[in-house]
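In the two complexes below, chain A is the common chain; its partner is chain B in one and chain C in the other.
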Partner chain A sequence: MIKRLTGGIYNWLDDRVEISVLVDFVHKQMTKPVPKHLNWMFSFGTVTLVFFASQFVSGLLLMIYYEASAATAYDSVKFIMEEVRFGWLIRQVHSYGANFMIAFLLLHSLRVFFYGGYKKPREVTWLFGFGLLGVTMSFGFTGYLLPWDQLSYWGTTVGTEIAGSTPFIGKYLLIVLRGGETISDVTLTRFFAAHVIVLPWVFAMLVGAHLFLIRYKGISTLDRTDVPEKTSEELLKDGGYPFYPKHVLKEAIVVLLVLASMILLIVYYPLPLHEKADPFNTPAGVKPEWYFLSMYQALKYMPKMIGIIGSGLVILALCLLPFLDRTPERRPSKRPWAVSLGILFIVVNLALSLLAKVAESEYTIGGTRYHFDTYGWPHVIASPAEDTITEAPESVDETEAEE
Partner chain B sequence: MTRVEPRRVRIVRRDMHRGQTVMGGLIARMIMGLVAAAFWVVPVAAQGDASNTCISCHASLEDEDMSEPVGQWQRGVHNPAGIACQDCHGGNPASLVEDDAHSVEAGFIGEPEPEEIHEVCASCHQLQTDNYLPSPHGIEGEFWPSCTDCHSNHEVKHPVVAEISIPANCEDCHEQDIMDDFITVVDRGLNPLADFNRAAEEIESSGVPVALIMSQANLAKDAFRTRASHVFVMANIIATVDSLEKTYTKIEKDLDLARTEVETRRKFGWLLASIFVIMAGVIWLYKRALPDE
Partner chain C sequence: MDKETPSSQEPSEAPGISEPSKALPEQDTSKSDRRRGFLQKCLGGLGGLSFLLAIYPVIRYVEPPPEAEGANRVEIDLTELPPGTSKTVIYRGRPAVVVHSAEGYLAFNAVCSHLGCIVKWTEQDKTLICPCHGGKFDLRGNVLGGPVPSPLVSIPVTVEVDKLILGA
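Right after this comes the complex of A and B.
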């Protein structure tokens, strides 16, 4: 009965809009074989996509109560968290989701890098993916300001200052971003517009193109780029298997486990809403979000102009990676230089992020209190170290010279 | 001279250190920062400014009367609250020269006389001073005991009876029974407030709002401070604490409700997470059962 009914609907639609073309296309894509080397790391892209969907839905729900003006934004978020039924959950899913989305997008990018997935003939897929990374980080940057609390206000101040340091255009860029000299109501409304209208459309177009190319070109094998790509039959013969069901199920497992972890984080370590933004009161140790920390810290060690140009060149090099790295090998074991550079890039970024995290804070390490200065350098602030310093005899001459 | 010398030794070393930084110690700084950060680190509340010269100079003085207060201050409640030497003693904490740091122009008063101590404390604790002055310990009692006799001068304790030195200072004039009654009633008034704060902090970190509950606690605290704190008249203190106990019961109930909400959220989280994990498990089993292509 049901089969007859669905069959009837299908035939009715097919007579009018030729739905069979779409169904055949989807079927072909779902059964298209994937290479045998696909492991759990090949699910990161899908996890990112799921988080985008989750952000879209939770964002729509938040928009029902959110009011994008400096006078009301904070109170509306507080209202969502405290008064709206399950508002706390929706807001936490959106806040954590943003962090997870960026984290998994970075992991996905690293996976593509280490498996040589960006190489010929998938250069365009990489370019769209790189665009998606930029758009996702812009999502994070614009969304961060929306709760209008102290952390978001001053974090955005620091973030826009980095953009304002861009050579030649920095001054104008800063004004465009902020809508004036300082972060204000105007900044909030333009960030909101970018966050809920401009960026979602750009993201949707880029992700559409990215996914189409992934399905069209297929997931890359570990073969050299100077040998012809394997056909579906060859892939199957070589141990590959259809995309559906095995790989789809593998991705579903990863997605579910990641979601479970996020839910537990939400209920045990919810992200707080800080004090309402106060433009006249700068809190100590203001820092941008974690994914901007390494760049923020790197800029401290060099003149701003050099830092910004350097960062820009690194970003450009990453964007143009498929055109810079034209070696035919894809296997990580046969690309020692590329892999070493990749690992170095990760280590440097992690180190800079860690330094940025501890900078301008005080910590107790092994019972001794340290103040970490803006460069992340520790200074002992407890008295035992002061006593040690006074025992130094070598500077007595200079002491007398001072007198 | 002997008291000044160690300080100047340190100044020279600091300048050398700064020079090293400028001369290219950045990489060394980064490495050292990473090494330090690699340890298990425990964040602490913002503490006194490390560049305060009162602290850096006095810490190294040989005269213990002059150096000990630094350690005492570091252990006290004023340090994390950002109250440092100059806030009570005046002076210029940015100057590296003793005469400038101790200049009258910079408001340096040194050690206040016993009858002046309450004036120094009043610059922040006006309400308590207003209660103290007309109390039996105030003008009438010739300012004995003064603020520092109970609360200490440098290692200032949390203002709960258990931590201040009442028996040592009071037993000469007051009988032990009266002292015991005093401690009991003040504890009855103050201890629940401290408990509420601890509970609220824990609940708030779990994402459940407690601002409304704590506004009641703050009102109760204000009532205690206005009507019972430092008045030193037992009848007034007992009446105030009795009147506050109803409020305390209500706050406790509200906090219990908030705790239940935290527990409910966690149970909900575990339920949802368990469903996801079970679904993942079922899919994994199904995937394993699929025939090889």
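Right after this comes the complex of A and C.
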């Protein structure tokens, strides 16, 4: 009965709008072979896309109650979290989702780097992907201010200050970003506009182009770039398999595991809403979000100008990677220099992020109390007291407690 | 869209999709198909259940929270309501008209039951009139005329010292 009904609807639609063309296209895409070397790490792009969809839906829902003005933003977020049914869940899904999305986008970029997926003929796919990374980080940066609490206000102050250090146009950039000298109602309005209108459109266009190119060129094999790309038949003969169901199943498992981890974090470690923003009271130890920490810390060790130019050059080099690295090998084992550089890049970024995390905080390690200065170097401030490593309360919380 | 020949991408020719069933005898094939159908139904059921679980918080979220439904108790200073006058206030999130008539203080849901316009007290006629389509109500809220389908709902009022209390 149901089969006959759906069949009837399908035929009716096919007679009028030739839906079979679309169905054939989707079928072709789903059964298109993928190379045999695809492993779990090839799911990171899909995980990112799932998080974008989740961000889109939870963001729409938040907009129902969120009021974008300095006077009302904080209270409206508090209202969502405390009064609206499941408001806490929607807000946490959005806040955690932003972090997960950026984390998986970075992991996806690393996977593409180590498997040489950016090489000919996929340079343009990499460029669109790099644009997506920039847009996603901009999403994080603009969204961070919207709750209008102390952490977001001062985190954004520091973040925009970094942008303001750009040579020649820094001052202008700072004023345009903030809509004035300081973070104010004007900043909130323009960040909100960028976050909910401008960036989603740019993201949608970039992701459309990126996905089209991935499907059009297919997922890269580990063959050298000077060897012709394999056809579908050759891929199948070489041990490749159709995208659906094997790879889709792998992706579904990863997506579900990651979503489950996020739900666990939401339940056991909900992200807090701090005190309402106070433009006249800077809390101690203000830091930007984790994905900006390494850059933020690097800028402490060198003159601002050199740091900004250096960071800019590294970002430019990453963007132009396919044009800088023209070697034909894709296999990680045959690219020792590239792989070593990649690992070094990861280690340096992790180390800088860790230093930034501990900087301007106090920790007890092995019974000795240390104060970590702004550069992340430890200074003993008290003799043995505790045996385990315990973290000092967050600087912002301390300020709040005092208040 | 790509350069591969379409025939190569048919699922029947792709290893891992239907090759195993090709190799099986006929009765095994039907058994395998039945099992596949059963698993597909289970998967569909699980997917549907997950969808319902995910959509439930969303539906509850978009419903207005209890606080948005408005106060259950509204206080009006009696000096604001001399004899023969009326006042419109928000009670439980909807407009309510309070009248100080010769019979005492009366309150009604001010939303006309016809098409939702707000009724007004007229002292001369001692009636509540809807300005949109001429609906007319007496001091009990009963319909006196016009295209109105049902009477106005009255709201309990009590006087406490110098205040009029609407609701509990």
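Note that the second predicted complex is superposed on the first by the 382 of 403 C-alpha atoms of A that agree within 3 Å, B and C clash if a C-alpha of one lies under 4 Å from a C-alpha of the other, contacts with A are read in each partner's own complex, and residues count from 1 in each chain.
FYI, a residue touches a chain if its C-beta (ideal position, glycine included) is under 8 Å from a C-beta of that chain, and two chains touch if they have at least 3 such contacts.
In this text, all values refer to a predicted model and were calculated from it rather than measured experimentally.
*Asks:* Kindly classify A:V358 by the partners it touches after superposition: chain B alone (first), chain C alone (second), both, or neither?
*Replies:* first
*Asks:* Determine, under the contact definition given at the top, whether A:T231 touches first (chain B), second (chain C), both, or neither.
*Replies:* In the superposition, A:T231 contacts chain C only.
*Asks:* Please indicate which partner A:Y241 is in contact with in the superposed arrangement: first for chain B, second for chain C, both, or neither.
*Replies:* A:Y241 sits against chain B and chain C alike.
*Asks:* In the overlaid three-chain picture, which partner chain does A:S340 touch, first (chain B) or second (chain C), both, or neither?
*Replies:* neither
*Asks:* Scan A:S69 for contacts with chain B and chain C and give back first, second, both or neither.
*Replies:* Touch status of A:S69: no partner.
*Asks:* So in the superposed three-chain picture, is A:L249 touching just chain B, just chain C, both, or none of them (first/second/both/neither)?
*Replies:* A:L249 contacts chain B only, not chain C.
*Asks:* Check the contacts made with chain A and report whether chain B or chain C touches more of its residues.
*Replies:* Comparing touch counts on chain A for chain B and chain C gives B.
*Asks:* Thinking of the overlay built on chain A, is A:T374 touched by chain B (first), by chain C (second), by both, or by neither?
*Replies:* neither
*Asks:* State whether A:I90 touches chain B only (first), chain C only (second), both chains, or neither.
*Replies:* So A:I90 only meets chain C here.
*Asks:* Intersection of chain A residues contacting chain B with those contacting chain C?
*Replies:* Shared contact residues on chain A: 33, 236, 241-242, 245-246.
*Asks:* For chain A, which residues count as touching chain B in their complex?
*Replies:* Against chain B, chain A makes touches at 33, 81-82, 88, 92, 236, 240-242, 245-246, 249-250, 252-253, 256-257, 259-261, 263-264, 266-268, 270, 272, 284, 301, 351, 354-355, 357-359, 361-366, 369-372, 375-379, 381-383, 386-387, 389-390, 392, 395-396, 398-399, 402-403.
*Asks:* Please output the residues of chain A touching chain C within their complex, sorted ascending.
*Replies:* 25, 27-28, 31-33, 57, 61, 64, 79, 83-87, 89-90, 215-216, 218, 231-233, 236, 241-242, 245-246
*Asks:* Would you pull the chain C residues touching chain A in the complex into a rising list?
*Replies:* The touching residues are 1-6, 8-11, 14-17, 57-58, 60-63, 65-67.
*Asks:* Quick check on the complex: what are the chain B residues that touch chain A?
*Replies:* Per the stated touch rule, the residues are 5-6, 8-13, 16, 21, 26, 29-30, 32-34, 36-37, 39-44, 46-47, 50, 56, 59-60, 70-71, 74, 204-207, 209, 265-266, 268-270, 272-274, 276-277, 279-280, 283-284, 286-287, 290, 292-293.
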